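Heads up, the next two complexes both have chain A, just with different partners, chain B and then chain C.
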Partner chain A sequence: MISLLSGDRPRSAVLSVILLAILVVLAAAPFAFPGAQALNTAAKICVFVILVASYDLLIGYAGIVSFAHTMFYGIGGYGVGLALYGWGATWVSVFGGLALALGLGIVLALAIGLFSLRVRAIFFAMITLAVASAFAILASQLSGFTGGEDGRSFRVPPELRPAFKLFEEPVLGLDITGKVLTYYILFATALALFLLALRVVNSPFGSVLKAIRENDFRTEALGYRTVVFRTKVNCLAAAMAVVAGGLNALWLRYTGPDTTLSFAIMLDILLMVVIGGMGTLYGAVIGATLFIVAQNYLQKLMAVGAAATEGIPLVPHLIHPDRWLLWLGILFVASVYFFPTGIVGRFRKAGPH
Partner chain B sequence: MPLRPLPPNPDRFSMPVLETHDLTVRFGGHVAVDGVTASFEAGTLTAIVGPNGAGKTTYFNLISGQIRASAGRVVLNGRDLSGAGTAARARAGLGRAFQLTNLFPNLSVRENVRLAVQAHAGGGGSMLSLASGHRDWIAKADRILAEVHLEAAAGQPAAALSHGDKRKLEVAIMMALEPMVYMFDEPTAGMSVDEVPVVLDLIRRLKERRDKTILLVEHKMDVVRSLADRIVVLHQGRLVADGEPGAVIASPIVQEAYLGVAAPAAAATPAAPAGREGAR
Partner chain C sequence: MSETLSDPTASAGSAAASASASAVPVEPIPRLPHDRLPLLILPVIAGVSFLLIGDPTTWITLTLAGLAMGMMIFVIASGLTLVFGLMDVLNFGHGAFISVGAYLAMTALIPLAGWVQVDDLALNLAALGIAAGVAMAGTAALGYAFERVIVMPVYGQHLKQILVTMGGLIIAEQMIHVVWGGEQKSMALPAGLRGAILFGDVAVEKFRLVAVGVGLVVFLGMVLVLNRTRLGLLIRAGVENVEMVEALGYRVKRLFVMVFAAGSALAGLGGTLWAFYRETMTAALGSEVMVMVFIVIIIGGLGSVGGCFLGALLVALTANYVGFLAPKIALASNILLMAGILLWRPNGLYPVAKR
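On to the complex of A and B.
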């Protein structure tokens, strides 16, 4: 277990319990929650764990601020989606599309890295922003190929369709449908990639990333070519984002600019990293879970609250479901204010080291 | 009038490990290092002296690549490194301890040294092994920390160290890189009296191995006298004296420009603004 975690334990009892709970709930989600919305939420958490953990490799470990992460997410989504749309609903399309997307994503990350990771951090951030915007425009302009603003809906391989049943009989009262299978592909990939990221940050390579974040000038003076390390981690994070995008497309059976390329998703990723705690990776899991659960259930919770407080002046208005975005915003400002080092940082300080 | 350079071991021919040829850098109109030509042999310790602002730190920066030269060349073991970057020069064997302490503040003292050990072992590329699994690197880092009497602080973040201990850690990091050329930039500056011998002993032991080339910027003349095989004097960016310690210290130009025997000349010596000193 410890070696799976690369010796990097959560280092706080509360944190361990929370993480274990998230793991168990995600692992059992199809059995525990029959509803479609619950499973959609769980699937989205799996996808975002990959996306946020890979972004944390950049911002939290190497100190690289990139706004192109959703571009790579989009490349994955379009790669798998357009392959399934264009070449038919086969596994060859899934893996062929993913391979092409990985190739394109890594080449782009390499190019952006080599050309611009030498420059100051702020310029790098601007360049990624420019490239990502250009890519988003390109994706919506090439509507004959990408489906433009509408995106593309497509069919997935038969084994992943809701009508498919793996076994004749239900297991623990649940039919193992293609949808359940797809969920477990997402879950297993997220778990594997998270453990891989944990291994990377605790490797000699990862130790150099932390050194770069601390003092890039000194790292270079030790003989490490920082641009090479930055470029490599940029490629690794991009590849992980591509996979997350591909999985998301498989789950939604749809790809379009709103689900992958939109700048709003980039902001969500940033918030999840900050809320969870930068440079901890475990923060990615907690940040993604909390954010997505809040996004999906805050409105419902508020409806319940508004109904319960009916009769009291003003209060029902304030917690009317239509105000959910306001409350989400307040929640995030408060969490960043009270936990500047993120939730993980907060618990680590409180607990024993 | 510069003195003639004296070879430190006149009876033994040896090829220089490090040479600088007409090394020059201009900052705007100001020439901080002005055509410095010198060569340094293995097994020798050369003290580089000169008043504040003379260009000593900048000379080191030009050698280790933190600053690119406007003109001139840096040659290590016959290989021209003038076009190489900082990292390449470090890997080629140019070691540098900074005048202004330059550490990884939030990493542990041990990790500061371990990163240097890892760099020397060429081990930064591995993504899938565990850094903590390379026990030999950690053991070596601990050995070096013991040499500078920092073993008790190994687990602390570098930022928590006292000024003197930070200076020692700075030296420990360079030791871990096992370079061919060691450049110490005022290693004992600001240290308490009981800390100074730790660093000086270390430098002395390094010197006694007789296979390393050591460059030492140091203001304390007794230290220079006891350690140096040779003294190079920089003044306003120029090499003004170079030779055997007794002769250099006795020379009129050093008496005047550096030791301030002739008061008016010393008063005219420009002092570097403290904030601009050092590479960082």
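On to the complex of A and C.
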């Protein structure tokens, strides 16, 4: 078990319990919650765990701020989606599309990295922002190929469709349909990639990344070519984001700019990483889970509050359900100032080591 | 004094001193050679596109439109690059000031509706001036608060700066929704500034002339303040070495907040111009321009006002020419321009020496 975690334990009793609970709930989600809404939430958490963990490799471990993470997420989504749309609903399309997307994503990450990582970290943030926005515009402009703003709906391979049944008999009272099968593909991939990320950050490579984050000048003086390490981790994170995008497309059976490329998703990822705890991969799990659950239920709560404060000037506008991002923005700034290590850091400080 | 003058030996001595000074010429303080090479890109791009376009009328129209757009982008970007140069803070929330400026100008124009609708250039310009003034005052105050509350605790920490200024952008955009509502607003040009003036075959939109004028005034004003005033001297010294300025007894913190407020006011002015140019706006007005602004200040060299001016013109002209010649790759033209320039000079055209 410890070797699976690469020796990087949660280091807090409360944290371990929460993480274990999340793992168990996600693993049992199709059996525990019969509704489509709950399973959608669980699937989204799995996808975002990959996405946020890969982003944490960049921001939390290497100290690189990228705004192009949704671009890679989108490349994965469009790669799998357009392949299934264009080549038919086969497994060849799924893997072919994913392979093409991985290739494109890694080449782009390499190009951006070589252009901007050798100068200054702040360049990277701006350049990724520019490239990602150009990519988003490109995807919506090439409507003949990508479906433009409407995106593309497509069919998935027969084994993943809701009508498909793996066994004749229900297992534990649940029909193992294609949808459940897809969910377990998402879950298993998320778990595997998360463990891989843990492996990476606890390897010598990961130690160099942390050294770069703390003092890149010193690291370079010690003889490590920092630009090579930065570029490598950038490519690795991009590849993980591509896989997350592909899985998301497989789950939604749809790919469009709003679900993959929009800047709002980039902000969501940032919020999840910071609230969960930068530089602690477990923070990615906690941040993603908390954020997605809050996203689904906070808005309902705010609607109740807005209705209750009807008549008071300004207050109903402040807690209007559409303004939930305002409160998350405030939480975000506050957590950067007061809890720079996020929820995970808090637990680790409080609990025994 | 008179004694010294009447003393022949003293005057002889000073004469000898001046004679020896003229014999051995005093070395003037070496100046940095002017780097004029990047300036050549502008005529090269204009010339090449002239050959490709062929038609002089079209070319002049495109060039003037590009210059006007470049000036607006310069006004927006200049504050950002100056703040970065002085305090090493890259304000990702700059876009919020652009939007707030535009909304403030819109609000200020509501009571001035009479001045806007009447076809009288003087009254129109006065209304425009008042709107811009309100926008600048409002964004300067907001910038002051932003520096004190959001930025000050994280000086020197790049990662946190990016994160908190991004958070500030989210909060400010959401607050615009709360105050002004989420729907798209329209921003009508004053009557006397609508339409175009014809010079022979060349049509020039009147508002673009105003934008070019404002941009030139801001650029010249910044150059004069930076090079001819004591404040400018301090700012330039601060860009070179903050600690030394502090050691000489100046309150750098106060300088910081002044420059931050001034940069925000420029963003507000730019936002006003940009909203008039687009004639519609949403809270995301600023963040949409920011991508272009970032490209401009990267091309110009972070922290350099002259580089920012050149970069803004380059980006706007290239976008206009390519948009006419090959609309399909127009979107990528800015990125390609940036890539090309970074290949040539990895720190931008006019990198600030210390970083």
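Just so it is clear, the second predicted complex is superposed on the first by the 311 of 353 C-alpha atoms of A that agree within 3 Å, B and C clash if a C-alpha of one lies under 4 Å from a C-alpha of the other, contacts with A are read in each partner's own complex, and residues count from 1 in each chain.
As a working rule, a contact is a pair of C-beta atoms (placed from the backbone, for glycine too) under 8 Å apart; a residue touches a chain by one contact, two chains touch by 3 or more.
The model shown is predicted, which means the values in this text are computed figures rather than measured ones.
When the shared chain is aligned, chain B comes close enough to touch A:R199, but chain C does not.
Residue contacts after overlaying the shared chain place A:R11 against neither chain B nor chain C. Measured by the number of chain A residues touched, the leading partner among chain B and chain C is C. Of the two partner chains placed around the shared chain by superposition, neither chain B nor chain C is touched by A:R161.
Legend: residue contacts after superposition of the two complexes on their common chain; A:S207 is shown touching chain B, with no touch to chain C.
In the superposition on chain A, contact of A:G223 is made with chain B only, not with chain C. When the two complexes are overlaid on their common chain A, residue A:L325 makes contact with chain C while staying clear of chain B.
With the contact threshold set out at the top, not one residue of chain A is in contact with chain B in one structure and with chain C in the other.
For chain C in complex with chain A, the touching residues are 90, 92, 150, 153-154, 158-160, 162-164, 166-168, 170-171, 174-175, 177-178, 182, 287, 290-291, 294-295, 297-298, 302, 331-332, 334-335, 338-339, 342, 346-347, 355. Looking at the complex, you find that chain A touches chain B at residues 6-7, 199-200, 202-208, 210-211, 214-215, 217-226, 229, 236.
By the touch rule above, chain A contacts chain C in their complex via residues 59, 63, 65, 115-116, 118-123, 125-127, 129-131, 133-134, 137-138, 141, 263, 267, 270, 274, 314, 317-318, 320, 322-323, 325-326, 328-330, 332-333, 336-337, 340. Within the complex, the chain B residues that touch chain A are 64, 66, 85-88, 90-91, 96, 98, 102-107, 111, 114-116, 118-120, 123-132, 134, 173, 177, 279-280.
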